[in-house]
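Below you'll find the structure I mean.
All chains are identified by letter, namely A, B, C and D, in their written order; residue positions are counted from 1 within each chain.
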C-alpha cells in the first residue's frame, strides 16, 4: 500500500532504504513564497547525525541534502520540493549475516511475513535512516511555522529513570548536549548511565517531548481529524515509539474532574487564558491557544551485543550475536524526528483550517 | 474540513449532533457477502447505552438503529451501508444556558474559535453521542473479523487507582458489569468509589484496553501507515483520551534492551512464537502474529456539578454550575468505542494488505 | 472499496439503492455559516424529478429531502450535513424478473462479476436514483458559490441531432422545458423527436453542457489535481456519460495552433481578458478568469422496450423484453446532476486554493 | 495543495521542473516481487524522447533514469520506488525572455495568478517534461500488468484530419513511426502535413487512443471510483488534452438505444462475450471483460513561431514571437504518457478490487 505519505494539503512522501543508493522526500503542497535553501534543511539533518558523541553509533553518516525541485530563486514555488541524501558510507558487507535470521525487536520477521522477502541490509526500509526524509520535510514545515510566529521544540525528557528538570531549561543544552536534554545536569547523569549500559552490551529507553508555542486557537478538526489524533499517528509512526501522550497524558486517568479541568479566565487586556493546562493545549481535538505538548515513550534500541535467542528463516531456533555499530539509545537522535512530525502535522492542520468558515471564503475571494 | 471519515478501503463517515434529529454512519467499502442485520448492530449499541446502573447518566437513550442501505436479502452488497439512530429523548431546553459560556474541559470554546458559533445543545457534534456512528460501524467490522477467526475485545482496565486483575478475567463480567471491568471484585470496588465521587459532585478518570487475538502476521504498512500509528489515531480520536499505548507502552522507556526484546522461537510443530510480548504484537508497524494490545487513558468527565470558574462568550469571568445528567466516568461506555475503532482499523489494514505481493495478484487473477 | 465519496476538503459521500429504504448523502467539510434549509435542497431535487412531462418516466417519485444534521438555527455549523430522501413509491415486484438475467447496457453483469450477487431491484446502487445524493450536495455547493458571485448553470445542448441555439438562450426555458434545453424552438423539435422514438419503443442520446461564470483565476492545482482533470472525473462518474470535453473539446484536434491559441489582452480599465475562449477557461489545469465550460455526451437509455438478446445468470442465451417505466432519454434529468458535480468540484478546488501562498497564511493568521 | 500524486493503493508522486536539477517520481504501493530494472523503465522513457525525427523538437534530451530505492536483488520490495532523471541539456538562457510575459495557450498567466510568481524556465512545472515521472511509473505498472496477461497499448489515431486505419494496424509502426501511428500510410501523410505546418510556423492537434486487452470483468468501483471516471481524470490531467472518450465516446449522443446497446452472448465453450463493444469495455463503471478503449483529443502545441498578441506581467498589451525549439505536435510524444496513465489507473483498480468480497478475504486469510 501507499504507506509512505503523510498529510492532506501539506503532504510528504518519503523513500529510500538504509543501504540503498539514496534516501529522500517529496514535499507536496508547500505554500509558494517561502525562502528555503539547503542550509535550512541541513541544520535539521545535522541534529539526527550520529558519531558526535560516545553515546551514539560510531558510524560516519554525512547526509548532505540536495534540493532537486520546487525552489526557484530562493523561494518555494508551490510545486513539489524533492530532497535527496545520497548514501555514501554504507557498507553492505557488514550486514550480510542477518539476511538469514530474525533479530528480536526488529521488523525482519514481519517484513518477510508480509512481502515474502526483504532488503536485509541495515534494516532496509525499517531502518532509522528512513527518518532523513521526515526531517528534511520537517525543516521546511518548521521554517514556515516560524514565519507565522509558531515555535516547535522537542527535547529528551528522560532516559531510563533520569529526568530532565524543565525548570532548568536551557535552549543551548537542548541543541548541543549529546542526549538532547535541555538540562545540563540531567544530561551528565544520563551520559554516565548510558556508558555503563554500553559496557554491559545493553541499550536503554527514554522519553521525549515536543512543545509548541504560539499556536492560535481553532486548529484541528472534530471527530477523526482531531489535532491530537493526527499527532498520535504522526508520533506513533516513528520507529520504537510505544506510547503517545497529549498534555498530562496517562496521569489524567487517576484524577478527579475537579482537579483535571482547566479553568478559563480573561485577563485585564481581554486575552483569554487557562489557569492550568492539563489538557496540553487541545480541547475536543482543536487547539485552544495554550501551549501544546506531546510526549513519546521510546523503547531501548533492539540491537544489543549480548547473545540473544531467535529463529532463522528456516524456522530453526538459534543463538545470535549482533555486530555492527548501534546507538545504545534511540531518543537523542529521534528528538528532531518528533519535532519534524509535529511541525508537519500542525502546518497541515493550519492550512486545512483556512476554509472552515464562509466568511473566510468571502474575504479571500473578495466578496 | 472533511474530518468525519476514517479508513482507506473500509471507510466510515459519521454524522449527527447530540440534540439534532438523528445520528448515523455510512460504512463504505464493506466486502460483499457478510450476513448482517440490525440485531448485530443493536447488540453493540446497547453496550454504550446509559441508564443501566447508578454510575451512568440517568438519561434515557433508546438508540434503536435502522439499516437504510447496503444490505440485501440479509447480506452486505459491497455498496455503502447507511445506519441511523433517531434522537428521541433529547430535550433542548436542558442545555439552553450553556449557549453563552465555555465549560472547562469541553470543546465549547474551541468550536466557537474555529467556526464562529456552535450547536450548543448537549455538546453538539463534540458530544459522546457522536460515537453511535463509530459503534454501529465497529459492529459490522467486528462481525467480519469474527468470520476470519479474529476476536477483538475491550474492557476497563482501571478506574482511578483500582485495577482489574486480568488473572481473574471473566468474559461475563466484561460484558455485564456496570464498569465493563472483566473482574467482579475490581468492579465492586470501583462502583463504590464512583458512588463516593458522585456524592462529592465530582468525576473520575480511568484506563481501558483492547485485546486482539487471532490476527495473522503481516498486517500494517511500513512508515506512515503502520498498524500502531493508525491505531493511535483511531484511539486518540475518541473524546477524552489523552494517552495511547501499544504493548507495554510507556514502561519500555525505563527498560534495558535485554529486558525488552521479545525472543522468537519455533515450537515442535513448527509454529513461530515469541517468549514474551512486550511489543504488543507489532514490530516495525506490522503485526507479528502475537496478541495485539492497545490501551487508552481517559480523563475524568469534564461535566461536574461543583461550582467552576470560566468565561462567557463576551469574555467576562464568571462562575458556573453545570446541570443536567452526566456520567461520573466516561470509561465504561467508551470501552465499546475502543473495541469498534480497533476493529475498523484492523479490518481496513487487512483489506489493504491483500495486494502487497505480486504472487497474490497472480493467484487472485488466475495467472 | 470506499468509492462513494468525492472531494478533498468539501467531501460528499452518497448512499442508497433504487428500491432500498432511503437514499442520501453526507456533506462533510462545508464551511460554517452558510444559510441553508430544506427548500434550498428541494428546489434542486425537483429538477431531477420524473413524471412532469410525456418524455420522462411516468413513475411518481416525490423525493422529499430531510436535513438530519449539520445545520443549526438556519446555518451550517461546519460539521457533516446529512440529508435523506425516503423511498416511498418503489414497488419491488416490478423488477423481480430481472434478477436472473443481464440487461444490455446496464451494470447487472458487471456487478455480479464483481460482488458475486447484486441488489437487482431497479438497478440497485447503479440506478439513476443514486444521483439524489449528488444533487442534494450540489445544491449546497451551488448556494455557497452564489454567495461568492459564481454562477453554475447546466442545460441540454443537443438531443440526437437537434441542437439548442445558444444565441436564443432563455433562462426560463432552461429551467422549465421538459428537455432542459435553454431554447424553446429546439425544445419543441426535440419533444416531437422523443415522442416518435418512444413510439418506436426506442431511446435517444444527447449532450449537456455546464457553464461557470464569475470564477476567479488561480483555481485548480498543477499535474494530477488539475481543475479539468477533477471535472472530467466528476462528470464521467455520472452514469451513461461516455465523453467529457472542456472548452472546444475534441474540435481542437483538427486545428492549427494559430487558430486555437487564445490571445490575452488588457482593457482600458486594466482588466485582463482573452479575445477568444477555445480553452474553456482553464490553462494548465488552473482557471484563467474566463467562463468555464464542460460538456458531457450521454448514451441513450439502455432500458428499451424492444426485444433484445442477452444471457441469464446460468449463462444461457435468451431474448428479453424489458418492462416497467423508463425515460426515453437520460439527459434532461441528468442536467442538474452535471450542474451539481461541477459546483462540488469547483467549490472544493476553491477551498484548497486558499493555502497556496505563504502570504495568504500570513494574512489569515495575522502575521 | 498536494496535487502531484495519483492513485489509491498503487500511488505515484511526480516532481521536477523543465529546467530544474532533475525530475522524477516516487511509486509507492507497488507489490513486492516484480522483477524490475532500469532498462524496463528506459524503454518507455525513450518513447517520449524528442529529436528522433524532423517532426519533434530538435532539443537533445537524454533522460537517463536511475532507480534509487525500492528494488533489491532485481525485484521490487513493496517499499517506495524512487526514480530520477537528471536534467543535463537544459539551457536556462533560452527562456529568460518569457519571464515577463504570458504566452497564449500556456499556463504562465494562471501560475502567476495562483502562486504570485513562477519558475518561468521552459514552462517550469507545467512543462511536458513533468511527464517523465508519469512514464517511469507507467513502465513499472505496465510490466506488472503484463505478468497478469493484460496488454496496454496506445497510439496516435489522427493528426489534424489524417486518420490511422486500424485495419492496417502494425505493432512495429506503432512503436517506430515518428507519429506513433500504427499505420505506415497514414504516418507518411501525417509527416508531410506536419512539415508543411512547421514551414508555416504553425502547429497541429490530434487524437490518441489506448487499447487494453485481457482485462478481467469486475474492475472499477461504483459511483465515484468508476474505472472510466478515474481514467477520465488520469487522461485529462495530461497537458493539452481537452476531451476524453470511453468506447464510442461522443458518437453515442446521436444514437438510438437499439443501436447502442451491446448484446451479451455465450459461446459454445461457455465464455461470455458481447456482440458489439460500443461501451468500450465498461458498464456502470466496472470492466465487463471486453477490450477497453479510451481516447484523448489534444490541442495543437501552443508554442508557435508566428507573431502573437498577449500581455506582459505589467498588464501591457504586447506582441511576442516565441523562440526556442518546440514540437509542431504534442501527440506522438504524449502517446506513451496516455499508455502510462492508463496502466497506472487499471493496476490500482485491480489491487483495490481484491478485497471486494468476503469470500476473497476468507480465502486469502485461510478461513
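FYI, a residue touches a chain if its C-beta (ideal position, glycine included) is under 8 Å from a C-beta of that chain, and two chains touch if they have at least 3 such contacts.
Quick caveat, the model's predicted, so the values are computed rather than measured.
K.L.:
Just to be sure I understand the contacts, which chains border both subunit B and subunit A?
P.N.:
Per touch definition, common to subunit A and subunit B: C, D.
K.L.:
Weigh A-C against A-D on C-beta contact pairs and write down the one with more.
P.N.:
A-D
K.L.:
For subunit A and subunit C, what's the span in angstrom between their mean Cα positions?
P.N.:
The mean C-alpha positions of subunit A and subunit C differ by 44 Å.
K.L.:
Between subunit A and subunit D, what is the gap in Å from one C-alpha centre to the other?
P.N.:
38
K.L.:
Which positions in subunit A are in touch with at least two other chains?
P.N.:
Each of 1-5, 8-9, 14, 32-33, 78-79, 114-116, 125, 222, 352, 355-357, 359 in subunit A touches at least two other chains.
K.L.:
Under the touch definition given earlier, write down the residues of subunit A that touch subunit B in their complex.
P.N.:
Residue list for subunit A touching subunit B: 1-6, 8, 14, 102, 104-107, 109-111, 113-116, 125-126, 130, 158, 160-161, 197, 200, 202-207, 217-226, 228-237, 239, 242-250, 252-266, 270, 272, 275, 278-280, 282-289, 297-304, 306, 308-311, 315-317, 352-353, 355-357, 359.
K.L.:
Which residues of subunit A touch subunit C in the complex?
P.N.:
8-9, 31-34, 76, 78-79, 144, 147-149, 216, 222, 350-352, 354-362, 364-367
K.L.:
What residues of subunit B sit close enough to touch subunit C in their complex?
P.N.:
Listed in rising order, the residues of subunit B that touch subunit C are 1-5, 7-11, 13-17, 20-24, 26, 28-29, 32-33, 66-70, 72, 75, 77-82, 84, 114-119, 124-125.
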